[in-house]
């Protein structure tokens, strides 16, 4: 009698959005390995047509609850690019500072609440409360700092209010920035403590290697999340943001409502590990030291290590923010009122979402009404790579217990920190 | 008032928003919607109310609601409320069991003039639905001091036989030979043998001296105009008609503004009004 | 008690000294408007402000205020949140409104939550230096004031007259240093400024006399203006919320996470809001917008005057500015109902 | 009294409302003390089909989702709609302004006919099943969420404000957005957010849905007074209230 192994994870838990895993093997022969995305498509790109440039940010931040600030910023950069709007250095700095708050929010949520139960053999963070109660409370404190930080600069942690074309609808006061600085300085200690806890259970991260292409923003001299061009570990070429479609090359597969992407190979990866592999030399000292603790080095090809890279980035964004706050306080916060007038145009914008590089493109007619959009989301860009990882990993672990296989595959998906509801919300339009 | 005068006032006065504790001593379901509850104040004191007054009942965490006192002050050592399940507080009151604690503020507001205008007069009580709840306090008071009043007539109208309140007491009132009781229901069922129709139909057949009768009226908002009209046909002067009005008395002490009826506060100037005093108050009825 | 004189520098020194010792709240520019808030330096104080968005009422009757704490198993305790402060720069019409609240919260049933806050606040009033766009205090008899405050500041040339009226006022004058008494000439100048302010603070001209409003309204219950204006009313309550004499509130219970304890608080409410007069069972005693709209103008012009003998509208004009539909100008309404009468 | 069992579900949405539950930070510990969270895919691997209260985020956009929400409704004693997508359809309803064929083709081009890419008109939960309570907002307000949960735990009917955002905006002492010549939906939008957007210098775009009886006549008149048109208002209204905007067209 043939022995059949079938694994169907109908909705991977502890990820944002709905993703399924389907594996079938008979007598040791793999018949099906599929990463499926059944999330309901929302068609944001079609919906923004006919909306004003003023409302784009408000609409597209709703693509994702977890990276709403990132979507806002990418859309604002695209809108500003399309309408020839210049923003001040102060706006840039404050935006980056806002953006960093979301990196910490998202990474601490992912590593602390969603991944860590796997590392200690629990089903959820609630299950960790007894034995790892102190660690959970540390995570909560870090997460709260990140949220209060977003609240302060964006007016809200989820779906930012203050970000608008040309600048901010309301600026933080210098007093508020000083308070934030104090908060972040205290946060560094909590981050160090968290790193120690994760390090103590890091053995639970599977040792699995698969070479792939890593793509991230590159900007001279900085570990960038906001400025720059598109870079890759496969090429020295830097692609301008305006040509992002040349990089993503989207296509549709039958098992996914999200589109998949590829560039130099059949799939590529984006996210913290990609940024690390592209930009590690620009990390700030404490972040570098954190990476070293975990033995994370440039050129790492273990997707599970993305979670460690996220932790490293948590440290980096706090360090970088303390520098930005000092600069802002030295210069003083100058009152600025964004003044913008609509015109016809088309433009692209890009920032690094916590889970990888994010592209937005919009076209407007002369009254500022949107006529078309194209958004390419990091989780889309990772779907193909997750599938390729599955195909490589499953044969290596076939002989193990089904529950263990299931867990390893779920952990693999989780390591990418997929934002699945995001990934079903993009569109693609040809601009003439 | 100048600030100097304010400063001289006594700071140790009672907080008008602070409830006293009371304990539930008896509960009984009256209809599908109405619950009967009996309380004693934990202080051991009498509530000290007059017929027609209300209290603010607190269910901690749920809120506070104004409820008419249904028992007569002639009944000592306790007071009774009847509540219709119509909101959060009254819903919570329906869950109360003997021994449970509630907060009580009050009694507040004006009362039926059982000691003044009504003394020596014939009395006509006209109650629609839960309008019987506050009026029962006056009915009991009058019947307890029966010799001090003239003829006593009670009219009661309910929507249906199932919604009749105080059915046991109605039997007692009916049986009394020193009081007349008439009732009707809007919609009868197969068990109902009595009058069918709105309460106003009970008024025309009545024989009474309009100049020697005090009428107490309480019922749903829609009822008053029609009842008053019938009383006018009977030549009852406005001075002799008293109505009890329902409003949203949030604070009960004339501050919050919710119960205002034009310039009057239902919680202070009411809930019992002499009809003559509100005939020029358009929002009253 | 006495009337002294200070120049700007001495005034600033005094305010800075006060700030070192006490919580000092005053009118200051915040963003692109004036509002009352805690001061950290005398330089922030703007006695030349025209109007604050919210009246200083917010310190006597805050938007939300805890009243009692409770436990579900029975047990209630009063919560008092008095917040001692010196309140600087209260305009005469707002002072008039505060005195009115003093009366309304103390008469019949004394509200000691209000009174404790009130007693903890020392009021330094200030005669208006800049008339706001919509003020009409001159028509309401509230452009100047001679009672209720602890100290009144009046700017005469580059000097401030400091009229100290109460012990409370006297108590915060430490730090004045040597101060000359105001001269008769100074007082004459103040009289002239008061007379001038009666004329200047009239950006809208009320035609009927204030004292005539109750009678006028009494005859105008069914005037078409109520329907006409309410047609454009959002029932947003902005006019209620910015009004220095509106004091209606709602009372709510809030549970702690243990759901066995919590507190009861009051929160500003407004008679223009749709559900203000709704009772359990959802009957609304003022369901129509026009009924609510009328109620507000009756309350200011008739009910309050009949209750305490003062106008319920002090003419600050905040409602005029705050109403997005631009229908809330009391002067326009009272003038309309006066048309064709006397 | 046993703890009420709570399950959290999501449909088409950004999951930002669930995130607000996570964002309660330390208070989550209080929450799980008060109720048993028995299923929550975004945060927990535990699954359970036995629950008293279903908290449901997202709007219904596919026939299979209709079936799923009906099943959830069938199991839950109390169903609470969480956030704008669930309560009014939210930004997802912008899709309903277009022909669905066009929307699908616009996004998926030649692949648009693949069966898994089908979509239907966006619906709020109450358009498919009975909803007991609604927590509006995009995203939900954490304080309001806590309030509702505590109410349900003690059997109290939660009261969501019936008045407009202007009430809270005035309490915050904000300058009216109309003074900046902006189209603000505050006067017709249900309060409860603490006037979050105007307090941050931004107009209200109506994410909590409209008040029970919005005065559309007044809105028209006000637009004219500020040199705007009713179309400006409708344009903004469409963001979260496409149905309302069409009803008043």
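Residue numbering begins at 1 within each chain, and the chains themselves are lettered A, B, C and D in the order written.
We take it that a contact is a pair of C-beta atoms (placed from the backbone, for glycine too) under 8 Å apart; a residue touches a chain by one contact, two chains touch by 3 or more.
Small disclaimer: the values here were computed from a predicted structure and weren't measured.
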item	value
Any chain that touches chain D and chain A	none
Per-chain CA centroid nearest to the all-protein CA mean	D
Winner on C-beta contact pairs when B-C is weighed against C-D	B-C
Chain whose average C-alpha position is farthest from chain D's own	B
Intercentroid distance (Cα basis), chain D paired with chain C, Å	37
Euclidean distance of C-alpha centroids - chain A vs chain B, Å	65
Euclidean distance of C-alpha centroids - chain A vs chain C, Å	51
Interface hub residues of chain D, defined as touching at least two other chains	154
Where chain C touches two or more other chains at once, by residue number	255, 259
Shared interface positions of chain B, touching two or more other chains	61-62, 87
Every chain pair in contact, whichever chains are involved	A-D, B-C, B-D, C-D
Contact footprint of chain D on chain B as seen in their complex	61-62, 87-88, 91-92, 95
Chain A contact footprint on chain D (complex, rising order)	11-20, 22-23, 25-26, 28-29, 32, 37, 40-47, 61-62, 65, 90-92, 94-95, 97-98, 102-104, 106-109, 111, 114, 116-117, 119, 138-139, 196-197, 199-202, 205, 235-236, 238-239
For the chain C and chain D complex, residues of the former touching the latter	31-33, 35, 53-54, 58, 63, 231-238, 241-242, 254-255, 257, 259, 268, 270, 273-275, 289, 322, 324-326
Residues of chain B that touch chain C when the two form their complex	1-4, 6-7, 9, 11, 13, 15-19, 21, 58, 60-65, 84, 86-87, 90, 101-103, 221, 246-248, 250-251, 253-258, 260-263, 268, 282-283
Touch list for chain C against partner chain B, complex	67-68, 70-78, 99, 102-106, 108-113, 115-116, 118-119, 123, 147-148, 150, 166-168, 221, 247-253, 255, 259-260, 262, 264, 266, 269, 271, 276-281, 283, 285-286, 291, 295, 298-299, 302-303, 306-307
